[in-house]
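Next, two complexes with chain A in common: one pairs it with chain B, the other with chain C.
For the complex of A and B:
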């Protein structure tokens, strides 16, 4: 009787583990194996040792795209961790019609990134709506080359990722806010705390688990960015908005150099793993 | 009771065996096309059923794939040993597969009288190192579409459309000054298309040994032309990151005076921007100093992985024959790759008031002179990227045209020597 009790939970885990084994763990191991070959999808792969790894160390575009991916990380993650907290606080009131606001913030999340990318591509055009608005209200004199300047293209794409992700993380924080007891705020009110102090000393510390989750999710998402780049700039102009994942895609499916792409993919995997580990260490402790 | 059961079981097994033997006589070939449904569903089904009637033991299964997905799907299918038998591909992609020996050589496997049907210049579009890895199917030559109202407003004569790239600088300036519009969006910063422009201008692409040959004074002047047009914003700033789709966009929305594309796009303009369609006129494609005309080739290839090579070759030859191609051309503004079909009166007897008809006539007339401008080269996608970067750097002023071309030459030679 006792034996069966301890086995049952594990039995429930088995189907998910098998699924993950086939579609997650096995591909990761296989990509690692592929990175030591010159596989091109059509012919038999042959072993090339660590040539791919040596090549990527000497590949200026690998370093440039890695740098772009890190800029993406540093630019997007803090905003996607902090801003949604305040949006969640704002929509957490029991005002009439507040549900419409929550839905409005969530609509970008459920819209296809391809559609979002095309839409923003039009907004960002030289004679597009954004430049028109900014010029009309007098903020700028000349139109800005949002997507066609090597200085701005990457940041313009990042802005779209942030815009689309806000609602997603807002919902995570909303859920976290529900578990904060209201009397804590009442006590703080009595003690004379203002809005800012209340949230700084009560909400944010108690949201720590959500903040950890959002940081990890948004970090991984930022490192894996592909669709927005593909739809809006194709990594241009002059590779200024090319992220590592986009470069991997190009190497794998345009140049059919899957061995090299696998090597870069594996390096990316290790980086994300280390980032997540650091996240846990820094934010996981109490 | 059990005796009856045994007899019944034996009968069922017998029937199953007989039917599977019958099925085994049938050769099933899988045929993939690029985005022909739903517009051409009836046509293709018609060709397939005619073929199956003439060849009762061959069964053709038709799969239509969205344009953008074709490459990935075929690669994935080939890797999984599940490739189609016959596939409709475009030239760059079939070249990619041919480089990896994935396609059947048509030169070696088709009879001379079949091969003779096709225009030799177009047949060569798929020839690489002595092997031709696909049969040319339907073609498209680009025409110049232009907005006569923008021309008139700019003080330009709509009866006198530009014929070569060098005219576009002055025309562009006039259009910008009088109307504020762009002259057009040249898709020169993506997919290596600038190579076609260079060939039209008469600039050599590469030497016999594969090394770069485009670093010439003329080439610098040519790139300088586009850099100047970009600087003066005669062409939109989006030229540097966007391509043909944006070119159609800008024309359709009335922001650009000219569009260089295949006549089939007139239907799209008619649907999306009827007022622009009303003002659209057509002329032969704008070319460069070498007056060359390009042709976009869609082809039919047979994959090496096929189990039924003869049946696949038969089907490939059938769908690209004169009658079937002419019928296809009557449904949409494309051109046949076979000589006899191209001579049909359908292409010359037109309604002079219909701009679509006029486009058909102009594009058909160009067919004789047309050639696949950029021959199949290995490492095509990497070389395309080199050219893309060269153009982007020159347009944005990050490098002078001379420097950009010189750097591109070095990278090209690096890639070819690896």
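For the complex of A and C:
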């Protein structure tokens, strides 16, 4: 090993460091710097102190989108943490054709969000299939304007995020389930435990690392939602489904108010950082 | 006797549940397919909706292919995905080698610096990357589509894990044979981490094929649209012609679904590795 020249390791690292330097390290610093400027692509940037951050505090739309993003988080995360556990338990068994069911549950994950959004827009129409099915089974009396009513738009988009995520988190849980020793269940069986007791006392506690992982992943993903909103509602009607990242996108690339967008970006970064931290602390205590 | 009956009942119930969930995840695709297959004479907005096309036809696929440059979007997506995979694997495999198997100054700082970038969402960095792209003339170009998103900490991390598992004797034998570090990397180690490279390739392909936000921002010339941006553009263009929208959407996802059905194992591995990345 001594024959190796001292600069050899760095040579191997150079391409990666160039890429990451330009497109990751530099932008991290640059976005933070931009958030203290009024840069708009046309004029030279000038420093405005913490003006952008003060403007944020007085921007009702910022608060509205922040609130929407938190509603998104609170609505999406619990369902994405819990539902896939049941699906994973259901498919974690030797059964003829089970491979095909697993594949079927994973297909939404590999499909692009653009197509998923378009597909659901079609389903959500006033005279669309979803309203028809729900009316047929008697869940609703009148067709609902899922995407065009301020009451429902945000929740309808959330449902699509959940639908697309089920398979992904199922796979994570499946890996967790397969690491649980089978004899634990056999012992419980002998002790006369029923289905609920077995899973409540064996599966859930032993699945804790996976649950933590899914909670973190799904909450970060919920804070970053963009494509489903862009495709299905463009944030409407009247901003009712506008998320924080969508607002950042609008400010940065439609209004070219990059300094302001950078300030919001920094807020988003802090939120995501805090979320991961809380998740680790709360769920990783033991 | 009653035990056996119970087992059969349990199995029926299981399959029933599995089928219901499958209908929820696959149903929307089937409805899209049904819409795409409906002929011009059939009312696609009828209520109650008709689930099965009366005179199934492929004409809508042909129409949408001729109405809009889907072929072009298709080639763009393919080229961008392949180039992204090539760059990502080459650069990540190079960087992962010393991080896994050499001792050098600043190793930990570099490694954790790279890992740390995973904490910062692209949605924030894109503001600055967009400015870089405009200033360097990368907007409306393939370089703009590829370079800013080609390399990430995940690839380096995944391949580093793979390099670590290779026994040290293999490398020592190669040194005795007179191989230099680059030859060891290329001839000895890379062939041994092929499964991880395949996983990274599939993962990168999937990400690239469905990537939307960055192409949307960096491209305004339809000549450079990738499929997701092109399909989103199409859905605005034909806002009420759902036959064409459905056909175009399906064309754009067929490759990834076929690939998934054949290479499931690598997709799942990639998803698992991607999950750890956070």
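Here is the rule we use: the second predicted complex is superposed on the first by the 256 of 286 C-alpha atoms of A that agree within 3 Å, B and C clash if a C-alpha of one lies under 4 Å from a C-alpha of the other, contacts with A are read in each partner's own complex, and residues count from 1 in each chain.
Simple rule for what comes next: a residue touches a chain if its C-beta (ideal position, glycine included) is under 8 Å from a C-beta of that chain, and two chains touch if they have at least 3 such contacts.
This one's a predicted model, so the numbers in the text were calculated from it and none came from an experiment.
Once chain A of one complex is fitted onto chain A of the other, the partner contacts of A:254 are limited to chain B, with no touch recorded for chain C.
By the touch criterion stated above, A:187 is placed in contact with neither chain B nor chain C. In the superposition on chain A, contact is made by A:109 with chain C only, not with chain B. Of the two partner chains placed around the shared chain by superposition, chain B and chain C are both touched by A:41.
Touched residues of chain A, counted separately for chain B and chain C, are more numerous for C.
Judged by the touch definition given at the top, the superposed model places A:278 against neither chain B nor chain C. When the two structures are aligned on the shared chain, A:140 is found in touch with neither chain B nor chain C. Shared-chain residue A:127: touches chain B and chain C both. Once chain A of one complex is fitted onto chain A of the other, the partner contacts of A:200 are absent, as it touches neither chain B nor chain C.
Of the two partner chains, chain C is the only one that A:9 touches; chain B does not reach it.
Residues common to the contacts of chain A with chain B and with chain C across the two structures: 41, 125, 127, 253. On the chain A side of its complex with chain B, the touching residues are 40-43, 125-127, 145, 147-150, 153, 233-234, 236-239, 250, 253-256.
Contacts from chain B toward chain A in the complex involve residues 71-72, 75-76, 78-79, 96-97, 100-102, 189-190, 236-238, 240-241, 255, 379, 381-382, 385, 388-389, 392-393, 396, 398. By the touch rule above, chain C contacts chain A in their complex via residues 11, 14, 17-18, 21-22, 24-26, 28-29, 31-32, 35, 45, 47-49, 90-92, 94-95, 97-99, 102, 104, 107, 110, 113-114, 117, 119-121, 123-132, 134, 147-153, 156, 172, 175, 181, 185, 206, 209-210, 212-213, 216-217, 227-229, 231-232, 235, 242, 245-246, 249, 252-253, 256-257, 260-261, 264, 267-268, 271-272, 275-276, 278.
Note for the complex: chain A touches chain C at residues 1, 3-4, 6, 8-10, 12-13, 15-17, 19-20, 22-28, 30-31, 34, 39, 41, 87, 90-91, 95, 98, 101, 103-115, 118-123, 125, 127-129, 132, 136, 163, 166-168, 171-172, 175, 213, 216-217, 220, 224, 226-227, 230-231, 245, 248-249, 252-253, 258, 261-262, 265-266, 268-269, 272-273, 276.
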